[in-house]
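Lettered A, B, C and D in written order, each chain numbered from 1.
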Amino acid sequence: MTATTTTAAKAGPRTMNLVQAVGDALAVAMAADERVVLLGEDIGKFGGVFRATAGLHERFGADRVIDTPLNEAGIIGTAVGMALYGMRPVPEIQFSDFIYPGFDHIVNELAKYRYRSGGQFTCPVTIRTPVGGGIRGGHYHSQSPEAYFIHTPGLKVVCPSTPYDAKGLLLASIRSDDPVLFLEPKPIYRKAIGEVPAGDYEVPLGQARVAREGDDVTLVAWGAMVPVCEEAATRLSGEGIECAVIDPRTLWPLDLDAITERVERSGRCVIVHEAPRTCGFGAEIAALVQERCFLHLEAPVTRVTGFDVPFPHTLEHAYLPSVARVVDAVEASLRY
Amino acid sequence: MTATTTTAAKAGPRTMNLVQAVGDALAVAMAADERVVLLGEDIGKFGGVFRATAGLHERFGADRVIDTPLNEAGIIGTAVGMALYGMRPVPEIQFSDFIYPGFDHIVNELAKYRYRSGGQFTCPVTIRTPVGGGIRGGHYHSQSPEAYFIHTPGLKVVCPSTPYDAKGLLLASIRSDDPVLFLEPKPIYRKAIGEVPAGDYEVPLGQARVAREGDDVTLVAWGAMVPVCEEAATRLSGEGIECAVIDPRTLWPLDLDAITERVERSGRCVIVHEAPRTCGFGAEIAALVQERCFLHLEAPVTRVTGFDVPFPHTLEHAYLPSVARVVDAVEASLRY
Amino acid sequence: MTVPTSTTNGEGSDEGDRKAQLSRLLRLVTTGLEAAALEALLMRLMRDGRLATVSPAGDARVAMIAAAAALAPGDLLLGTARDLPAALARGLTFEAALQQAFGTAADTALGRGLPGAIHDGVLGVGLTDGNIASHLTHAAGFGHAARLRGEPRVALALFGGAAQAHGELHAALNFAALYRAQAIFVARGPLAGELPLTEAAPAWGIRAVRVPGDDGLAIWDAVAEARARAVAGEGPTVVDARLDGPLTPRDAQALQALSGWPPERQRETHDRIDRALVAARRAAEAAPPPALETLTEAVFSDRPWHLRSPE
Amino acid sequence: MTVPTSTTNGEGSDEGDRKAQLSRLLRLVTTGLEAAALEALLMRLMRDGRLATVSPAGDARVAMIAAAAALAPGDLLLGTARDLPAALARGLTFEAALQQAFGTAADTALGRGLPGAIHDGVLGVGLTDGNIASHLTHAAGFGHAARLRGEPRVALALFGGAAQAHGELHAALNFAALYRAQAIFVARGPLAGELPLTEAAPAWGIRAVRVPGDDGLAIWDAVAEARARAVAGEGPTVVDARLDGPLTPRDAQALQALSGWPPERQRETHDRIDRALVAARRAAEAAPPPALETLTEAVFSDRPWHLRSPE
């Protein structure tokens, strides 16, 4: 793809990949609001290990694109302090697998500051971090930690699957007055390509995207599992089975209506995610769907997920949900 | 209650409370196996803020009941190192609310060491930590973090609700070759009283306790919610409604059969927990039960849980599941 | 890096200086009395089962008050619930303190913290009842932001000896020094075997000074100097104001020496404090708990569907 | 605490000493050649897309090898995937290294780590591809356990400059010193603006020595001394063996000076290494991936119901 430069971009939409869309959103947010600062390991001169911040150090300077020491607690903790000051910090955690040294700051400080102060102090911090596997990353460069954050009251959790959504949701996240975990699906950083409007726009938090309509089975997936489900849906369509594919985009607060509306029609729901099955976000969606759609269900809500093992290396493709596994689950649901 | 001394105890069972049963288990484990060492903040001379380790420092010395600096990453990280040496460390985290500075060690090291080494290195660490609210502890002395650990492959998660189980499960946990999160329900540390056998015995991991049988509705609860459900069941029994109360005891791996057997008879299931609802362990149980018992269910599986807010202070009893809320949920399930 | 010990104990020579000194001492001493009386009341209420756990400041209150006194409006004071005296020094009223301790509807933080865990957006006070070291990193970030924005504001974080062992301290001092954050870190409480931070500070490249924990005026001066340096872009400071022995009431002695604080004035002060505390307690005891529907309020800036009110 | 710089660079005067010196130099230099050749092959395979990310040791391999050489059987070597040369020094074969890098069924860790993340229970090696500092705390705990059990074993943790900023370092050095853990912490790699650990060490009360990162013999001696002290109950040591400039091949020079390592012997060594690498690579390329059912094995000591095999 040919990405034009940021200034030229004013002219119209550009075709770009997901990580470029992230960088574009950061540039737009920083140009529009001086309070937006980025911080993280190797994000400055080096431009980030995935190049998400490439060019921003040159453009906005070392005071706004801040290279930090290797200390995730320090990165997130100081971001909380900056937010208390009135800034809108956007820390990057190089891989979500390394977010846990900062977990206390996320769940006990960032998520609770508004509540514990009765709304007097707010923490508009957007933590960007790549998630997902299948890129030969092993245990520590492949994880999908969304459930930990969804379970934590006070956090919003976002995970785009298209360049358009990545840019619009990141802008909305940065401008939201709430803390946002912005999970970037790194397996499709470069594979997800699409048109992205130039300049400023937001995709509102809390609204699902319907990637595909279909009344036989309702598929729910996010991040890199969306294209997997789309491919499964295409394949199934060839057999006369029509699946809806719902991409919540904002994982929490979930746009539950977008799902239940369709499950009420289809009576069948399959949830697909990379994270280990047990206590994953799929469990919550299954619990909610059977609570809301009980009388419409023709089959149990099922899940196609990672296994309950640490993320493997050589066998990562056996671990990850595949098109074949999704197809099987849809067929099993229809046979039930 | 009158607790006799440890030596006298050889004679027969004693009546004691849950935290005394924990202390008793630690004494038995330490006497039986030199490799068992305790470490934590204020657990030595001071005997721990809940007195769980009272008397052990005097009996076993400072080398086996180790007072540590205030650093949860250090406590859990060094426990991992001790386990690699061949010890069986039992770290105490003073309140589970403060476990998160050690979260990286738990989810990325402790949980993964066996897997990442292909079974060559093992980490038989049992982390003891009090959970639960309703004791005027506010945000940071009340949390119930079980879902974070259940979602993490490689950890076993235990939560007893009786003194008998506390002792037997703690002994089984310490002797298990796997890492165990041993969650102690502090709201009933002193309220839960019962007979505890002297000396050594184990309650096997992975087996539920049926606190009560009843074929109308199946209640599932653990820790301090078990007595709440028992009281609700008693009250409902007065109205002719018979509830089973299943206490999984080992939260993960879950004794799912104990639940599904009963749901197949009752067709109704209500799960009760203190933690926030969203992505709590209740979601997983609900997802599993509707997967396994779909054709038997007469009503959706429902949940009575904490709200999706940080743990409050003044309003903690509005936050926590109460007998009244459990009764309402059972009646709603029956009305469905 | 030099780590001088503060000696600027107000050696002013003219009358204006004497007056300023006097008023500062009076403020330290009376705030100390207020804090002690409040603490005694809270402890009594806790023992009677009327309040949840109270964390007493004890002798550390001298350092807490003096440090907070050196701040300016717009600064942020961070600490733990134990640091309640510092909030008084920033202007927290007895009534606000008691509404908070009782967790009533009149508490600005909606009754959500343990006694002493003051959050006051107007005064710029955030005292946590949680992790005893996380606010150190927050202070580093706030002070970094202040420098980036070029504004003369600082964050001050109070902490105790145990926090010295926590990874947060390592992160906070390192980040603060690296970015010349407008931040001040004040250690208070007993020095119980820990290394004085003046000796440990080289590890983080941060300026450190040590001041006796019972010398309020010296602590005030050290924090004031640290503040001036921070705002001038000279970076953060750690002030180790821990007590390594029993407390000498130096400020009260100095006040006596300077002015002979007359006994009737002292009595007046005590009476005023007692009356104010009684009134504050009454108000707090009369106040209702927060309304049920507040349980699910102020989680987010908006109220998504899953945050219904409890019935 | 004194923080001497190691100078015990083997000043033995008689023939026995000379022979010992020679054999040590030969081991350092040949292991260095093996490690360099292995690294070159792995990097080539990575660039060809045959392997996942490889973390090269570069010049730090001198320190890695020398530190590992000073260990005894029963000791535990911890580090990151970058520290692969240290595993070679402990006896890891080329074939084991390549089976691991390719993640085959013959890898003792079942093909679960990135190249270099060796886990070998027999050799006592655990190199992580995760958090670059967590193993520091593990070393402190292992060394603490060794002291409690009264056994002459130590843990040695290798780490890079970035780990110095992490909270793990603060915890590990503090805990290790407090409990006189039988642990040694060796910093290797470039000294890129960080404070030498001899200057930072007082913060943690730990003994620290600094040795040139290209002087393998001096590093070996420093680690050997640290090991002897640790086992004697004198506590842990940090050895800062980072390079603060370009590398001088000191060990090779010393070997030349001492013995005149003849060119034909050198050539033999190179040939042996090349042949061994080719054979090892062939074996690894011929090995199958781990069986599918291993995906859910070795999660726990048992296999609960939820860990079915993938179909």
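Some notes on this structure:
To be clear about the criterion, contacts are C-beta pairs under 8 Å (C-beta built on N, C-alpha and C of every residue); 3 or more make two chains touch, one makes a residue touch a chain.
Bear in mind the structure is a predicted one, so any value in this text is a computation, not a measurement.
Listing every chain that touches subunit A and subunit D alike gives B, C. In this assembly, D is the chain whose CA centroid lies farthest from the centroid of subunit C.
For the pairs B-D and B-C, the count of C-beta pairs in contact is higher at B-D. Per-chain CA centroids place subunit B at a distance of 40 Å from subunit D. Centroids built from CA atoms put subunit B at 32 Å from subunit A. With centres defined as mean CA coordinates, subunit C is found 37 Å away from subunit B. If you average the CA atoms of subunit C and of subunit D, the two centres end up 47 Å from each other.
In subunit B, the residues that touch at least two other chains are 69, 71, 73-74, 97, 101, 104, 108, 112, 115-116, 139-140, 153-154, 278, 307-310.
For subunit C, residues that reach two or more other chains under the stated contact definition are 112-113, 117, 128, 130-131, 165-168, 170-171, 174, 299, 306. Taken as a contact graph, with one node per protein chain and an edge wherever two chains touch, the assembly is complete, since every chain touches every other chain.
Per the touch definition, subunit A reaches subunit C in the complex via residues 37, 63-64, 66, 68-69, 71, 73-74, 77-87, 89, 101, 104-105, 108-109, 112, 114-122, 153-154, 156, 176-178, 206, 253-254, 256. The residues of subunit C lying in touch with subunit B in their complex are 52-53, 103-104, 111-114, 117, 128-133, 162-163, 165-168, 289-290, 292, 294-296, 299, 306-307, 310. Looking at the complex, you find that subunit B touches subunit A at residues 73, 97, 100-101, 103-104, 107-108, 111-112, 115-116, 139-140, 147-148, 150-154, 252, 275-276, 278-284, 286-287, 290-292, 294, 297, 299-303, 307-310, 336.
Of all the residues in subunit B, the ones that touch subunit C in their complex are 69-71, 73-74, 97-98, 101, 136-141, 277-278, 307-310, 312-315, 318-319. Interface of subunit D with subunit B (complex): residues 76, 107-110, 112-113, 117, 119-121, 126, 128, 130-131, 134, 136-146, 148-149, 153, 155, 167-168, 170-172, 174-175, 178-179, 297-302, 304-306.
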